[in-house]
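Chain lettering (A, B and C) follows the sequence in which the chains are written, and residue indices restart at 1 in each chain.
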Amino acid sequence: MIQGLLDGVLVGSVLSLGAIGLTMVMHTLRFANFSHAELLSIGAYVALVSDAVFSAVLQPLQNIISPFSMTWALALSIPVSLIITGLTAVAIDRFIFKRIRDNGEELSMVFASFGVALIIRNLIGLVFGLKTQLYSDDIVMAIILSTDPLLLIKPDQLLVLGITCIIMVLLHLVLTHTTFGYSLRAVAENPSLAQVVGVNLSKMVTMTWVIGGGLAAAAGILYGLNNQISPIIGKNLVLPIFAATIVGGIGSIYGAVLGGFIVGIASSFALLVLPSGYSPSVPFLIIICVLFLRPNGLFGEARV
Amino acid sequence: MTEDILEIERLTAGYVRGLPILKDVSLKLARESVTVIIGPNGAGKSTLIKAIAGIVRVTSGTIMLRGKDISGILPHEMAKHSIAYVPQSDNVFRTLSIIKNLELVLKNSRESTSQRIEELFSQFPIIREKQKEKAGSLSGGQRQILAVAMALCNRPEIILMDEPSAGLSPKAAQGVLEFARALTREGVSILLVEQNVNQALRLSDYCYILAEGKNQLDGMASELLEDPIVGQIYLGGKRVVET
Amino acid sequence: MIGVISYLVFFTTIAAILAIAVLGLNLQWGNTGLFNGGVAAFFGAGAYATILLGGTPQGEHIGGFEIFYPLALAGGALCAGLLAWMVGLLTLKLRHDYLAIATFGVAVAFESFVRNTSVMTGGALGLRGFERPLEALIENPFLYNILFLLVVVLVLASVYVFLQKLLHAPFGRLLRAIREDETAAQSLGKNPSEVRLTAFIVGSVIMGLAGGLYATFYAFISPQDVVPTLTFQIWAMLIVGGAGNNLGALVGTFLIWAVWTGSGWCLSKYAPVEAQIYTGTLQYILIGAIIVSMLLWRPQGIFPEKLVISQSGD
């Protein structure tokens, strides 16, 4: 039971990071972006490549940061991946979504996002192969927190939680204490008024993609640390991340954080009662429950 | 009459390509005047204001500001041109506190933000009392005051107001219009959309009547107030028919 | 020669079945502006339900009710409609992202349901051993397939005529009004979310019908047939053909189906053996690229909708 909670929180932290960016994009650009989860894959693979490059160039970086399985090279790869993934997200918007918006085909953007997702996912498969990969082959022993009931936690999992917390606190500070943060919230609430009071909307859209992409990359790397890296990370996580945004209410950043943890924990508990084959459908059941009980999510506002 | 600060010539603009809402609309705003635009619902009054603000796409025509064409400006650059715009609805950020609303408008300002906010607070004491509260918690009238205060932040020369008195009590509506009048004495020129035709005409200098996206009639406010045709339209509710 | 004809019959049958589903999607997306991310689920619901209702009992399985075939087919379509009703009721009053996500979710949940609920759906193996109607009477399989094709084309034609009639009836005008200006439609005294729900359900029933025919044709259905690929293919068909235009939808279907089967054939024939496992990967990229490039460069499709701009005056 408690082990389930622990696992759920871990999955939840990945979902939260993914959902924050997604909810921001969905709210400012008003479309369900089905390619967001592919940014997690991009982040995970960029870190994989960058890890290999750092290790090859500077041997000492191959040392493990004990007690984790993470090497210094991988640690350095995290910021690299955040930046590259954020810029990739901006590029995708520039070349595809923005042009469709400018054509006045906003409603079609959801189709485009599926097309983009298909292309990214399968290009990754083509380049890196369809097999799964790991950041590190070293097996790090789990720490036994208690024997009855048996509770295990790996140092890497604590690391994941730690990094998630740091990122979220940073984001919170930016949102509540900087003009940039206020502008972002203003855009989320009322984009046209934001422009009227002097906020440069296209700059904010770019920043939304940078942040969304960066957080997605972090989520992808953390997912890869705990699980395996494969081209279908995005395919597997797209629905849970959407569920997290709906639970929290589309547009609510804090809702997305909470929604991520709720979906993570609920999915992990669902495994206790449902055969594991059904687990892909759990996010859908959560979505249905939320729509039934509280259509606008925990923090969402009705459509304006 | 004094010179015109804003001069719109044969403006055509709309939301969807190929479907103009405004057709060949012309309008002049005299410096330090209150000019009011009236017309039936859907006439394109808000669209005209939005076209000036750069929110609606202009397909042809010119918007001359102090002799320079500003059609097609980006809305976030309005303040640079000393224009402020108070939208018809949703004109404050409900989820932000009052003080944050003001700070946001002042973020590109060269003045000291806190000093300017202090000035505005002494001008509008009611929003000082509630400065830490979310703007969503304000009453309709208070929200309108905040919206006007936001428009004043960057000391604009032109304020575009879209139905500032909508939803207010007659007394509060009168207050808003009188305030607009008072602003002209500080050198501000005001372009106003109004539904309270009678009240608005009494307090403005010049008036344009718009219907179906076209100019119908214009003249000195005091003259239109006496005009039997205008009276008939707005009392009998008949639409202006093109001749 | 007979081989070529027989392949053409096969190709046309599948394409015509898919065309029915594309017409269903066109009612939802093209005419009403409703995004459906779970076409495969509605198609699959029709397919599975048709086989369960019309099939023969098999061992321990639930299903195999041996219902008279046309009724089984109708039952299948109805099941798809029921699924649409449930999803639509919950999402159509909310902003459009919700429908997109929920329909996508339905497809994921449906696939995991049929994969795992072996007592009913046969799990990963699927449902086999369906006796196709009249197959016992017509001994020549070639002749049977031609007859089957005729029936499918007949159904396709009826659906087509039905939809054209619907679109020219007041209901069709209402759909367009709602798609273009919700508030204006509301002021006509119609409840937009009810009208949209109706359109969504009718579209899904049509997809279910296509699914039923598909399962009947193969006398077999498995989770492999209801994977998201199907949804993407059907979208590509509609987008290429031209959303809103039923004739365009038909042309788009045959075009994309030819591209899909053709590319699969080429890859299996000319690609090196080591690359064969990437056939699916390449085809996905192709479909994704078709969708994206159409939206970028020809969003109205090959056959644009004939826009009736309802503008008063002038």
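The criterion applied here is as follows: contacts are C-beta pairs under 8 Å (C-beta built on N, C-alpha and C of every residue); 3 or more make two chains touch, one makes a residue touch a chain.
Computed from a predicted model, the values in this text were never measured in an experiment.
Trainee: In terms of Cα-based centroids, which chain occupies the most central position?
Mentor: Closest chain centre to the overall C-alpha centroid: A.
Trainee: Compare the CA centroid of subunit A with every other chain's and tell me the farthest one.
Mentor: That would be chain B.
Trainee: So how far apart, in whole Å, are subunit A and subunit B when each is placed at the average of its C-alpha atoms?
Mentor: Centre-to-centre distance between subunit A and subunit B: 43 Å.
Trainee: Hey, how far is the Cα centre of subunit B from the one of subunit C, in Å?
Mentor: Centre separation, subunit B to subunit C: 51 Å.
Trainee: Using mean CA coordinates as chain centres, what's the gap between subunit A and subunit C in Å?
Mentor: That pair's centroid distance is 32 Å.
Trainee: Under the stated contact criterion, what part of subunit B meets subunit A in this complex?
Mentor: Counting only subunit B, the residues touching subunit A are 16-17, 53, 55, 74-76, 78-79, 85, 87, 90-96, 100, 103-105, 107-108, 150, 154.
Trainee: Within their complex, state which residues of subunit A touch subunit B.
Mentor: 104, 179, 182-183, 185-186, 189-190, 192-201, 304
Trainee: For a test of understanding, state which residues of subunit C touch subunit A in their complex under the given definition.
Mentor: Going through subunit C, the ones touching subunit A are 33, 35, 37, 90-91, 93-98, 100-102, 104-106, 108-109, 111-113, 115-116, 232, 235, 239, 277-278, 281-282, 284-285, 287-292, 295-296, 299.
Trainee: Quick check: in the complex, which residue numbers of subunit A touch subunit C?
Mentor: Interface residues on subunit A, with respect to subunit C: 26, 30-32, 34, 96, 99-100, 103, 105, 107-108, 110-112, 114-119, 121-123, 125-126, 130, 238-239, 242-243, 246, 250, 275, 277-281, 283-285, 287-288, 291-292, 295-296, 303.
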